[in-house]
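Next up: the structures, one after another.
The following pair of complexes shares a single chain, subunit A, combined with subunit B in the former and subunit C in the latter.
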Partner chain A sequence: MRSRILRVLGASDEDDPETAEPDVRTDGGTTSDAAAASGETSRLGQWLDSEFAKSLPFWLPATLLVGLFVYGAIGWNFLISLTDWQGLRQPTYESLDFEMYTRFFDSVFAGGLLSGPQEYWALRNTFVLLVVFTVAALAVGLLLAILVDRDIRFENTFRTIYLLPMSLSFVVTAIFWAWMYNPESGLINQTLGAVGLGSLAQQWISDPQYKLFAVMFALVWQFSGYAMVVYLAGLRAIPSDQYEAAKVDGASLLKMYWRVIVPQLRASTTSAAVVLMVFALKAFDFLYVMFGTRPGPSADILAMMMYRESFGTTNWAYGSAIAMILFALALGVIAPYLYLQFKRGEL
Partner chain B sequence: MATQQSDSSFAWNRIALYATLGLLVAFYLSPLESAIMTAFKTQTGFFETSPLVPPTPSTFTLDAWGQAFNRLQGGLVNSLLFTIPATLLSATLGSLVAYGLTNTNWRGQAFVLVLLIAGIFIPYQSVLVPLSRFWSVVDPATIFSWLPPVANRSGLVALAVTHTAYGVPITTLLFRAHYKSLDSSMLEAARLDGASIAKIYRRIILPLSIPMFAVTLIYQFTNIWNDLLFALVLIQQPSNDVVTISLTALQGSMVSQYNLQMAGAFITALPTLLVYILFGEQFAEGVAGGGA
Partner chain C sequence: MAELQLDNITKTFDDGGDEIVAVDDVSIDIQDGEFLVLVGPSGCGKSTTLRTIAGLETITDGAIRLGGEVINDKRPQDRDTAMVFQSYALYPHMTVRENMSFGLEESTDLPDDEIRERVTDTAEMMGIAELLDRKPGELSGGQQQRVALGRAIVRNPAAFLMDEPLANLDAKLRAQMRTELQRLQENLDVTTVYVTHDQTEAMTMGDRIAILDDGELQQVGTPLECYHEPSNLFVAGFIGEPSMNTFEAHTDGDRLVAERFEYALSERHEDAIDGDNVVFGIRPEDVEVGSDPDDSHTYEVVVDVVEPKGDENYVHMAFDADRENPETFTATIGGLRRVEAGDTVVVRFPPEAVHLFDGDTGEAVLNRSLDTVEDVEPLL
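Now for the complex of A and B:
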C-alpha cells in the first residue's frame, strides 16, 4: 500500500514509451518507407493495425473532452480577456488588445505600500496566502507525520482524525469556523477566556487586522492532514538503519530529524507544496461562504475578485484577464514541477 | 543505573508523545464537536453555554435538524443526481485513458499525458466565463427537450459533464500509477498469445483495477459533492440547486441561528463523512496520489 502511494507519481520508467520494442515499429509516422512501397490500402491496414490506432478508442474520447473543457476553455478565456466585453450583451471579438491587463497592472502599481485599489490588495493577499498558508500547512503536516510515525498505538485512528477535515466541503468548514470565531459564544474566544488569556480574544473575522490570519488558520486546520499523508509516505521510504545510525552517533531526537530525516523529504515537500500552493490560488469557496463576494481589502484574493468582476458586476473581459493572471501564477508553480518530473521520467 | 535513567526518560517521552497526539486530536475535532453540540441546542442554549458542553434537558432540541433537513432535502437529491454519474464516468474514463497511455506502445504518449496531468492544477477561475458561455450556448434543456425529466435538470447535466471533464486528469494519474506497477511480463505474455488490446483490458487489467476503482470513486465522490464554485456558475434555476448552494443560502438567510447552520452543515457533510469513515484508507491513498 505504502509503496503504491509512493509510486503514484511514478518511480520506474521501465515502460517508457520511447523504449519502443521491435514489434511496434508500425506507429503511423515512422515507417513511411515500408508503407509507401505497399500502396494505399495496406498502408491504411497497417495503420489500423498499429498500437497507436488500437489504443485510440481508449484515450481519445476522454482526452478530447478534457481538451475541450480545459484547454479550449482557457484559450477562449484568453480571447475574451482581449475584448472589452461587459454587461448583458453578447461578446464581440473585433477589437482585441491588452487593455484589461494594463488596467490591472496600472492599478496594482498605483497602490502604495499600505493602501491602494482592490487589485493591489487582491494580489498582495494572494501572495500572502500562497506563502504563509503553504509553509504553515507543510510545517504542521510534517509535525503530524513525525508524531504519527513514532511507532504509536492506534496509529490508524490518529491518522484518520487528522485527515478528517480534508473530506469536508469548504462550505461546511467555513460555517464551522465562522461559529468558532464568533466573538461572544465562539469556542476560540471562550477557550482563551477559560485559560486566562481573555485579553487575546478578538473579533477574528470582522477585524481587518485578523481576517486573513483567521482564514489561514482554518485552512491549515483543513489541509495539514494532506501534508501529513504525503510526508508519512516519504518517512516510510527512509530505511530504518538511518535512524539507528543516528542513534548510535548519539544524536538527540531533534537533531536526528533536523539533520538526517528532514533533508531526505525534499521530494515530498515539493509535491505537497505544489498542491498546497495551487490550492491557495483557488481558495475561493471558503472565503465566499465566510464573507460573501466582498471580503474587504484585508482578505480579498484574486480568485474572489475574478468572480466578483465577472459574475457580480458583469465586467467579463476584466474578469477573464484576472483569471489569466491567476492561470499564469498557477503555471509558474506547476510548469517547473511537471518539467522536472518529466525529465526524471517520473510521470 | 544508566539504563534505568534512559528507561524512565523513554517512558516520559512516550507520555509526552501521547499527550501531544491527544491535544492535536482535541484541536482537530473541536470545530466538529462545537458544531454538533450547537446543533442540538436551543437559541438560549447555544448563546449561553459553552459550545463544547452537551445540551441540558432544558436547552435540548431537535428542531434545528428538522428545519435544516427541510431546507436541504431538494439540494441533497440534486447533488446525488449529478455527483453519482460524474463520479462513475470520470473513474471509468480515467481507467481507459490510463490504460491507453500506459500499457500500449507508441510515440507521443508522454505529451498527451503531460497535457492531461497539467489539467489537475488548473485554477477553476480561469475557465469560469467560457464555461458559463458554453453552457448557455449548448443548453442541455434544448438538447434534451424530448426528455422532460432530464431537460428540467439541465443545470445538473452541465455540472455532471463539467465535473467529468475536470475529473479525468486526476483519475488518469491515479490509475496510471497503478497500471505502471503491474507486472509487464504478464501483459506481454497475453499479447504474444494474440490477445487484442481491448481483450487484455477486459480480462486482465479491469479485474486488477478494482482496488484502484475504490480509491478513485471515493476520491471523486468527495471532491464533486463538496464543490461549490462550478455549481454557483452553472446552476441557473433554483429547482436545480445542489446541496452546497442550498447550505450557503441557508447560512445567508439564518444569520444568527447557529444551531440551524450547524445542523445544515452536518447534513451536507454526512455522505462524505460516511464515505470517509468507511473508506478512510482509500481516501488517504487518493489524496496522496492526486493532491487536493
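Now for the complex of A and C:
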C-alpha cells in the first residue's frame, strides 16, 4: 500500500524494504543508516504512514467533489446574491452589498393583505405549506400506521399501496391531480355531483381560495405513506407489553395511543417531519407542472419565485438572494434535528 | 379485594388450522387475600392463564369470576386488576410519578390532589419517594421493579396479577424482594396471582401453589402439600430441588423389582399398589447415606459426582457405576460430611419416605408418611 502511494506520488521509495535492498532488521524494519541517508523522504514516508494519509484516498475525492459542486455552488450563489447582476451581461463583483436581501424583506413587510407583492405571498405560502402540509402528512401517516399496525389482513399490501405514491415523480402526481381537480371532467367534482353534493364542487385549482389547499391535499396524499412507514417502524419498536400495561391500567384505546404510544414515537416524528419539511420546500416541481411559472399569489412559493426572477426576468442577483433565503429556511429545519442528534451522541 | 374463581377455563390458539390448547379446563378458586402461585415449566400455559384473568387474552371456554361477577367479556380496562410485567413495562417517557398516576387517572375519577397524595404515600411505602421525578431509564433494575410494583399497588385493585416480576433481578436482590413482596401482599391483603417458572419462588412465596403442565392443572395445594404429597409424577419431579429420584419398577410378590435393585415392600406399600407397573420415588434428602449394611433396604452404590453447596452436598450415585453412562440418583447430605467420587457407600431407602406412583398413569398411589413430623418446641 505504502509503496503504491509513493509510486503514485512519484516519490522515492528508497527506504522501502521491498525494493531498496536495505539492511533489513529482523523485525522487518530497516536500519537507521538507510533512513538517515534519505532524511527528506523518510519524513515524507513517516507522514505517508500516518492514519491521516492512509485515509485520504477514501474521503478526499468525495470531499472535493461535494465541496466544489455543493458548497462551492452555494458560496458562489451567495456571492452573486451580493451583486446587482441582471440581464445578459456578465456579473461585476465591485460593489457587494445586501441590497437584494433588504429589497426582499422590505417588500414582504410593505405588503398589505391581498394587495401585497409577490414576496409576501411567496414567503407566506412557503410557511403555510411547510407547517400545514407537514402536520397534516404526519397526522395522516400516524393514523395509517396505527391502523396498519393493528394486525390487519393484507397488511403488506396496504403498506405498499400507501407508500406507492411517494415513488411517483412530482410530474406524474401533478398531472394526475390536475385531472382530478379539473372543474368539468375531474373525478372530484364528478363524484360530488354523482352523490348529489354538486353544490360543493369548486374550481379547485383556479379559485385562489382553494388553490393552496388543493396543492397541500395532493402533497399529503403523496407523502403520508412515507410518514406511515417511519411511524410503523417506530410502532414496531414499542414492546407489546406497553400496550398491555396501558390497557390493564384502565386506559381506553384512544387514551392508550395518545398518552402511552404516540409520545414514544417522538424520534419517528422528528425524522419524518424533517424529511417532509424539506420536501415541502422543494415542492417546486409539483407547482410548476400544475400551474407553470405563474401560479398566482395564492399558490406562489419561494422556490417558484426564485425560478421566475432568475430565469424569467433575468434578475440573477435577486433570484440568488431568494435562493439563499430558501437555503436558510432549509438549514433552519435541519439544524435543530442535527443538534438533537448530536446531543444524543448519534451523530 | 375479592375472591377470584377460574371455572373450567380453556384457551385454544389457532395456528394455521391447527388448534393448540394452551390452557386446558383449569379450575382454581382463589380466596380473598390469598397469594396463589402459578408454576410450571415454560410453555405450560401459566402466563396465558394469567393473561386471561387480566383480559389480555379471551378465553375459549369457561368462566372467570372476580368478586362473584363473571368478567369473561369485560375489556382489560374495565376489570379491576393490576398487573406487574416481567419487563416491568414502565412507560419510558413518563416520570415515576406519572407512571404511578397513570392508572388512577385512567381508571378512577379521583381529583388530582388525591391521586398525588396516594402516589406519594405508596412511593414512601415502597421506598421510592426520592425517585418520583426520575424517568425509568435513569433507574436501576431493582428500582424499576419497585416502581412497577408501586404502580400496581397504588391502584388498590381487586386482584394483583404478577408475571414473573422478579425474573430480571439478580439472585441476591431476588431473594430480598421475595420476602418483601410476601410481606407487602400480607399487609395489603389483596388477592394475588403470581406466575413463575421458579419452583423456589413458588414454594417460598405462595399461600397455595397451582402446578400446570401442558395446559393442564396438575395440583393445587399448599407448598408443603405439593412437596410431600405430590399428586403425580410431574409434580413430584417439578417441586423440590434437586428433584425426587424415580425408578421404574414392577411388583413381584412382596418385592418391587427395579432395573438395578429390589425393594422389599411393607404392608402399607402393598395395600396401596394395584397394578404391576410402579414408579418408585424417593426425595434426595430422604436417602440415608452411610447406613449399616446389615440394615433393611440398604444398597451398595458408587459415588459418581459430588456437588458441594456449602451447607449441604448433592451426591450423585449409581448402582451401575461400571456402565458407560450410569443412571444416577441423587442424595443430599450435610455439608460437613465428606464423600468423594468413586467411593463405594451404603445407602438406605427408608420405607416411610417412599413415594409410589402408578407406572401407567403417573398418579401417586402412596405418598411418604408424615408421622415423623415434629414441631419445634417454642422456648417460652
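Everything below uses one rule, namely that the second predicted complex is superposed on the first by the 302 of 347 C-alpha atoms of A that agree within 3 Å, B and C clash if a C-alpha of one lies under 4 Å from a C-alpha of the other, contacts with A are read in each partner's own complex, and residues count from 1 in each chain.
Keep in mind that, in the parts below, a contact is a pair of C-beta atoms (placed from the backbone, for glycine too) under 8 Å apart; a residue touches a chain by one contact, two chains touch by 3 or more.
Predicted, not measured: the structure shown is a model, and the values here were computed from it.
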{"item": "Touched partner set for A:319, first subunit B, second subunit C, both or neither", "value": "first"}
{"item": "Touching partner for A:259 - first (subunit B), second (subunit C), both, neither", "value": "second"}
{"item": "First, second, both or neither for A:247, with subunit B first and subunit C second", "value": "second"}
{"item": "Touching partner for A:270 - first (subunit B), second (subunit C), both, neither", "value": "neither"}
{"item": "More subunit A residues in contact [subunit B versus subunit C]", "value": "B"}
{"item": "Which superposed partner A:239 touches (first subunit B, second subunit C, both, neither)", "value": "second"}
{"item": "Which of subunit B and subunit C A:203 touches, first, second, both or neither", "value": "neither"}
{"item": "Which superposed partner A:293 touches (first subunit B, second subunit C, both, neither)", "value": "neither"}
{"item": "Partner chain in contact with A:229 - subunit B first, subunit C second, else both or neither", "value": "first"}
{"item": "Interface residues of subunit A shared between complexes with subunit B and subunit C", "value": "none"}
{"item": "Residues on subunit C engaged by subunit A in the complex (per definition of touch)", "value": "54-56, 75-79, 81-83, 85, 87, 89-93, 102-103, 106-108, 151, 155, 161"}
{"item": "Residues on subunit A engaged by subunit C in the complex (per definition of touch)", "value": "239, 241-242, 244-252, 255, 259-260, 263-264, 266"}
{"item": "Subunit A residues within the subunit B interface of the complex", "value": "1, 4-5, 7-10, 12, 14-15, 17-18, 20-21, 24, 27-30, 50-52, 54-63, 65-74, 76-77, 80, 91, 144, 147-148, 150, 152, 156, 158-173, 175-180, 182, 184-187, 190, 221, 223, 225-226, 229-230, 233, 253, 271-272, 274-276, 278-279, 281-282, 284-285, 288-289, 292, 302-303, 306-307, 310-311, 316, 319-320, 322-324, 326-327, 330, 333-334, 338, 342, 347"}
{"item": "List of subunit B residues in touch with subunit A within their complex", "value": "13, 17-18, 20-21, 24-25, 27-32, 34-35, 38, 46-48, 50-52, 93-94, 96-97, 99-110, 112-119, 121-134, 161-162, 164-166, 168-169, 172-174, 176-178, 180-181, 184, 196-198, 201, 222, 225-229, 232-233, 244, 247-248, 251-252, 258, 261-262, 264-266, 268-269, 272-273, 275-277, 280-281, 283-285, 287-292"}
